[in-house]
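Letters A, B, C, D and E name the chains as they come in the text, with residue numbers starting at 1 for each one.
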Amino acid sequence: QETVVWWDFLGGGDGVRMKQMIADFNDAHAGEIVIDGTTLDWGVPFYTKVQTSVAVGEAPDIMTYHASRIPLAVDQGLLQELTPADFDAMGLGQDDFAPSIWDAVSADGKQYGVPIDTHPIVLYYNKDILGEAGLLTDDGLPVGLGSRAEFTATLQALKDNSDVTFPLGSVTADGNFMFRTIYSLMGQQDGELMTDGAFLVGDNATKLENALAVLQEWTNEGLQSTYTDYPATVALFTSGEAVMMINGVWEVPTMVDLEAEGNLFEWGAVELPVIFDHASTYSDSHVFAIPEGNDMSPEKRAAVLEVMSWISKNSLFWATAGHIPANNNITAMDAYKAMEPNATYSSLTANMIYDPKTPMAGVAGPIFDVMSTYFVPTLNGEMEPSEAVEEIIYELNDM
Amino acid sequence: MTPTTIRRINWMGGAFTILTVLIAVLWAFPIYWGIISSLKPENEVVRPYIELWPDTLTFEHYWFALTQTQIGKWYINSIATSVGVTVLTVSTSLFAGYAISQLRFPGRRVLWWLILASFMVPTQVLIINHFVLMANMSLLNSWAGIILPQLIHPVIVIVFKQFFDQVPKDFREAAAMDNASEWAVLFKIYIPMNWGVITALSIVTFIWAWNAFLWPFLAVTKTEMMTITVGITQVFDAFGVYYARQLSAAVLAGFPVALVYLVFQRRVTQAITLSAGIKG
Amino acid sequence: MADISLDTVSKSFGGIKVIDGISLEMKSGEFVVFLGPSGSGKSTLLRMIAGLETIDGGALTIDGKRSEHLAPGQREVAMVFQNYALYPHMTVRGNMAFGLKNIGMDKSEIDKRVEDAARILEMDALLDRRPAQLSGGQRQRVAIGRAIVKEPAAFLFDEPLSNLDAALRVRTRVELAELHQRMQSTMIYVTHDQTEAMTLADRIVVLNNCRIEQVGTPMDVYLYPATRFVAGFVGSPGMNFLNAELKGSGTDQCVTLGDGSRIALEIDVPAGPYDLGIRPEAVRVSAAPAATTGKAAVVERLGDRTLIHLHLEDGTELTALDSGRSNVVSGDAVHLEFDTSQLHLFDAEGIAHHAK
Amino acid sequence: MLRNTKKEWLIAYILIAPFVAIYALIFVYPTIDMFFLSFQDAPLVGAGDFVGIENYERLPRDRRFGTAFWNTAYFVALTVIPGTFVALAISMAVTRLSGRTQALVLALFFLPYILPVSVVFRIWDWALNFQFGIAMHVLDAFGMDRIPVFKTTTWFMPAVAFVTIWWTCGFSVLLFLAGLRAIPQEIYEAAALDNTSRWRMFRHVTWPLLWPITGLVLTIQLILQLKIFDQVYLFSQGGRPNDNLVMVYYIFQRAFVNNQGGRAAAIAVVLFIMVIVISVINFQLTRLSERRK
Amino acid sequence: MADISLDTVSKSFGGIKVIDGISLEMKSGEFVVFLGPSGSGKSTLLRMIAGLETIDGGALTIDGKRSEHLAPGQREVAMVFQNYALYPHMTVRGNMAFGLKNIGMDKSEIDKRVEDAARILEMDALLDRRPAQLSGGQRQRVAIGRAIVKEPAAFLFDEPLSNLDAALRVRTRVELAELHQRMQSTMIYVTHDQTEAMTLADRIVVLNNCRIEQVGTPMDVYLYPATRFVAGFVGSPGMNFLNAELKGSGTDQCVTLGDGSRIALEIDVPAGPYDLGIRPEAVRVSAAPAATTGKAAVVERLGDRTLIHLHLEDGTELTALDSGRSNVVSGDAVHLEFDTSQLHLFDAEGIAHHAK
């Protein structure tokens, strides 16, 4: 029997689903393979641990990773290559994944991970309150998703409704998280972080400033929660204090579970509103990877590959965690197409954008780190957007 | 002052006492608040008003922490490493302190000065090198790796030395007249005589070791090897609203030291003053 | 019980001589007291005998055996320390048995000795207590018991009473004297308290400045002090010292005091200036005009005696001892008479000469 | 005493051997190693290249180093003297109580000290939570604006300093209490007979007699707070760590997050030297003031 | 200088009475000593006068002014503490000036008083030292100086000599007596040392068990103790107590001791069993057979006197005082004579009756 040591950073509603999948996997492979799973804190702490554990040869056998961070990981030599033979063994291949996703796990023509999903951010909303306020369309969507003015008007209308504390719940205390929203808003203006290895070239800086300005306006007008950290944001939304919330699809199961317990209002999730020119949503992928720095027996490696393969092929269940499975065969299934609320926001797959492919990018990577540092003061009105952009450019170029 | 001064002072003293007690209660209130919050259902926890006693008292979060997390293993790790640090630190320091205090040997002064000097050096600056050293010795993620770098407590040697210095040399001489060997002097006279200090220092060393954060945090990359103080901040369902759960884990982590303190209050107090070089 | 002899022993600490060629014979069964002021080397000398200090030069013989190179435990002496040095974590029994256990003595023999000692010292009931549960006097006895069980050749005491309060000190002093009478063992006893020395000793060794000033019975030392130092150190209230001029010779010898008064005496020294020593009890208050007159400054009534602190006409201070019912009051002019047989003259070197 | 020198040496060496071995391995060697590493361009684990003083040369230009340095200084300023005063005030209040009341009050003040930092973090993170913290409800009740204490640079250091004082001042309180108990009651009685007012009693009797302890507390606090890491690290999580860097945090970030062992070692050396210099100055000051007496 | 009077004052600590309705008048300029064993309430009484302990009931009048509710600083008394309680961080000058500064006295007046006090106590040269740089005796003087500068109505001393070594204690005692003679101020002095009480006091107040046992001059207290307690507490060596039976009346009154010997005496009490008290100096060694005979157990030679600890035939212990040159040695049978005018009988309640 092989024990596969597994690390992930899936702590939210999707973490519960992943634990279920691990349990299912263990049942299905009783006596052959057993997964010994650990969930670590998301972000910097997780990647710090990975880095040090690889450095000292104490790495796990398999871990989740963000596709956006793979270039950095490859650069640091943290990951083992997955050879074509490995893919054969898994019964998976390029054809099973969308090209953009496949590309995201490749570097120098080699593969470093098995993508499992894409996970964009979406707009969650409280149908009960919006309905009462008359702000729900006939399709049951919030009104005003079409433009900045309309959406702001919706928020303002909610604000004027005295029962509402926060029209919008945003993770304003955590720059790491806000990176997703802001990068989405840049995408709506076709902005680029990196152009040929240079940062925020040309009017990209202005686009960033625009994105920040919108969010700061919402803060200044009292339309969104300030200094709210991640758990508080979720709590504000689920307790009804915030009517809408921008968050990852991975919080879907939280809602589903609370609703099942009868502890939640009528809710929905939809693609981000179009604030600027066109729809665009930042997205990333969860990927399975095998870290360097652990001497695996061929048997162990085979077991690890089996884990990856099994989860990829069974990722219909993973879709109940809100994510969009990366495996084309799953998304093609009817069962998936009927799944709610995934269906409501499935349209956004066409509008997804990804991090630039560079060792500077990625969750908890250097760009991410520098930018997030300036988001918190800006979003909470401590710093002017223009000043923030200036500082960001200075620091990015200083790296 | 008027002839009624004495009475007025008494009255003011009473008021002052009540004030002191109130402030003390307020001082410890956050601890109470943490504990009481951990006993509320999650939806009560986030109610937007102050609720000093839960509507529904629940142990579900404790149950969750104890069954769904590795807190049991962390407890074992914490106990094993804290006891290890305590036993090793106290015993090596005891022997060293005794030798420096009572025996004459070449190198004694140099050793003493080194210890005094290292008293000021922050071990925090050595984290990198400790990490590399432990990695090279393949001790990361092991109890030994957590314990070893925590063994530098020059202050314990200093306290022991001072204590042994204070033992009147009459005892040593009485023992010599009693035909006691050098070992008998140490084990049958000096150690039992100073048992109070030894336990006091052991208790604070234990508390320090239990509360250690930085090094155990760095030295362990595997969850099952974490100590409880590190574990509760590292491995948690950060995504999602589980304040009460986090608090229940915190209560579990703080409980043993709080208990040790409440039981050995006087010894802890004594050891703290000793560790600052004040004779209790 | 043993003879102990010191032969020109000496000792230095870091180049400073603290014992300077001392020779001394102590006979078996004798109670010898080392008396001297603080720092005179009493403890050092005792500790050299015990083996707690090395002997730099000279020979130590205990019971006929050369002992200066023996370890403390092997010299067959037992010591009672000033602070008793009882092991606080052991019971009284444990304290007494510790030394015997260390030499691997039979358990039954140990028990026997401990119980015998406890009986002698009347502390059977205390055997299972710890030192902290004992009073000062009881601790003192345990310390002695710890010495007794070893059945040593000699007992060494280093100021064993100095930690007791005044009343207990007096009582324990008497007990110690009785113990010595009963056990008849050699005892060497260090003290700076002349009363203790006087009351306990068979022979007193007066030490000063690393040297022996005088060796003699208590009354010898009191009545015929060898030096001015001894005269001043022994006796309470202390001896009066007055500047005096010895004149004449043979039967018309006399000394003149500062106030001009003359006292006839008989003594075998050449005329010249001396310090005249006279104990307060030899200065008597007389009803009729006598040798000289003083003014009572302070009168201290002790009940059984009265001390009168006087100033002679020239300001010389003098203390006289009067009976308990003395009717002198402060401010009185008092006639003084001197017991001429108790006069001592001290020459420039401090050597004493006693009047006949 | 008669001593068998050879045997005594042997016993002494046996007794000190374990300590010396650990000391050499865990203290002496890593200290030397730290200096070597600071002259290298090296990852955290693994070989590096000698680069001379490059790692040091970077520091003056390094923004984050500046942040870390000044934040550390700021933190020390916020904790050392205020913390000492709070402890002094508490101990003055506690020392006049007696019996059970005193034991209870002291226990309440001291309890935080024995808690692990992560527990302290959880407690205060919860009490000061911007959305749900009890402190915010209290502010609401007084009609004041809520304060996002751990999320703004203005409030972060003062708040962490406050929590640190709350957490550690029990230690100083004990020292002050020992100091206060060491002042003989008779001195106060003499002062009472000397017509001393309350203020003059504190100013001219208690304060000067407590000064040695105050000096000790200040020294201990100073050296301790220079090494601040745990609280800052924990409270920064999910916030804005780069604004809140302190020295040890920066060492950690360079070494463990950025995998730059050499650069981290250079920062460590700087902190090491800072602490040593401060200790030596402090030691000299104490000696001076002692000699003056 | 002031009269101080206590009128049925009492005091309890946590329900336990430690001062039980004590009334006492102290006249201006008097030197009153509170004498008693440890725990008898001496310090408490003194501290009640000083204002350091509250007075639970009764009245305290200082210089005609009701004072029990005044703060300590306002009672015009100064206190010298056992451990001196000097402010260690102030110079000698600072120590003496502190109390004066507190009441906002003129700087020049302060300087004058400090310097006067320093002159009286002969410590001009020490004014700029700190207490740590002074010897025990010098500290003692500073403490007194601190009291003097306040020109108080009364000086209160709580065992001021107990921290000095024996020799210094005797010397300082004399100095204190001289100081009192010079200053003529009211002084209340607490001690458990009967010698100090005897030598210093104008009047002694003997306390025992929270009560006054006797108030009287030293010689009254010594010669005519009011109770058995006083008789035993005052005098060193202590009074002998023997079981005795008083028989007869008028001129043929006599007491029979345990050994059967009879002593004739004249006393105004009914026949019956009593404790017979007799001081050692009233027990005389006689050459010829006398009242009774004892066996010398321990002979303590003090030089000027000799204490003979005896056992009478029936085992009763008795101490006799003999001259310094006594030739009694331990083991001798000794004839004893009693000075019948110094006999005391104590009845069952401990009340003393003195022989005529």
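The criterion applied here is as follows: a residue touches a chain if its C-beta (ideal position, glycine included) is under 8 Å from a C-beta of that chain, and two chains touch if they have at least 3 such contacts.
Small disclaimer: the values here were computed from a predicted structure and weren't measured.
Novice: Which two chains meet at the most C-beta pairs?
Specialist: B-D
Novice: Of all the chains shown, whose C-alpha centre falls nearest the centre of every protein C-alpha atom combined?
Specialist: Closest to the centre of all protein C-alpha atoms: chain B.
Novice: What is the distance, in whole Å, between the centres of chain A and chain E, each centre taken as the mean of its C-alpha atoms?
Specialist: Those two chain centres are 92 Å apart.
Novice: Which whole number of Å gives the spacing of the CA centres of chain A and chain B?
Specialist: 41
Novice: With chain centres taken as the means of their Cα atoms, state the distance from chain B to chain D in Å.
Specialist: Centre separation, chain B to chain D: 15 Å.
Novice: Quick one: which residues in chain D touch 2 or more of the other chains?
Specialist: 1-2, 44-45, 129, 131-132, 237-238, 256
Novice: Got the chain E residues that touch at least 2 other chains?
Specialist: In chain E, 51, 71, 74 touch at least two other chains.
Novice: Using the touch rule from the top of the page, what residues of chain B touch 2 or more other chains?
Specialist: Correct list: 46, 48, 131, 135, 173, 176, 218, 233, 238, 243.
Novice: In the complex formed with chain B, which residues of chain A make contact?
Specialist: Touching chain B from chain A are residues 5, 10-13, 15, 38-42, 45, 49, 52-53, 55-59, 230-232, 234-235, 238-239, 241, 250-251, 254, 263.
Novice: Contact residues on chain B for chain D in the complex?
Specialist: Spelled out, the residues of chain B in touch with chain D are 13, 16-17, 19-21, 23-25, 27-28, 30-31, 33-34, 37, 45-46, 48-50, 88, 91-93, 95-96, 98-100, 103-106, 108, 111, 114-115, 118, 120-133, 135, 148-149, 151-152, 157, 172-173, 176, 182-183, 186, 207, 210-211, 213-214, 218, 228-230, 232-233, 238, 243, 246-247, 249-251, 253-254, 257-258, 260-262, 265, 268-269, 272-273, 276-278, 280.
Novice: Looking at the complex, which residues from chain B come into contact with chain A?
Specialist: Of all residues in chain B, those touching chain A are 43, 46, 48, 131, 135, 140-141, 218, 221-224, 233-243.
Novice: For chain C, which residues count as touching chain E in their complex?
Specialist: Touching chain E from chain C are residues 166, 170, 173-174, 177-178, 181, 193, 195, 198-199, 218-219, 222-223, 234-237, 279-281, 297-298, 300-305, 307, 309, 321, 324-325, 330.
Novice: Which part of chain D faces chain A closely enough to touch in the complex?
Specialist: 43-46, 63, 129-132, 148, 151-153, 237-243, 256-257, 259
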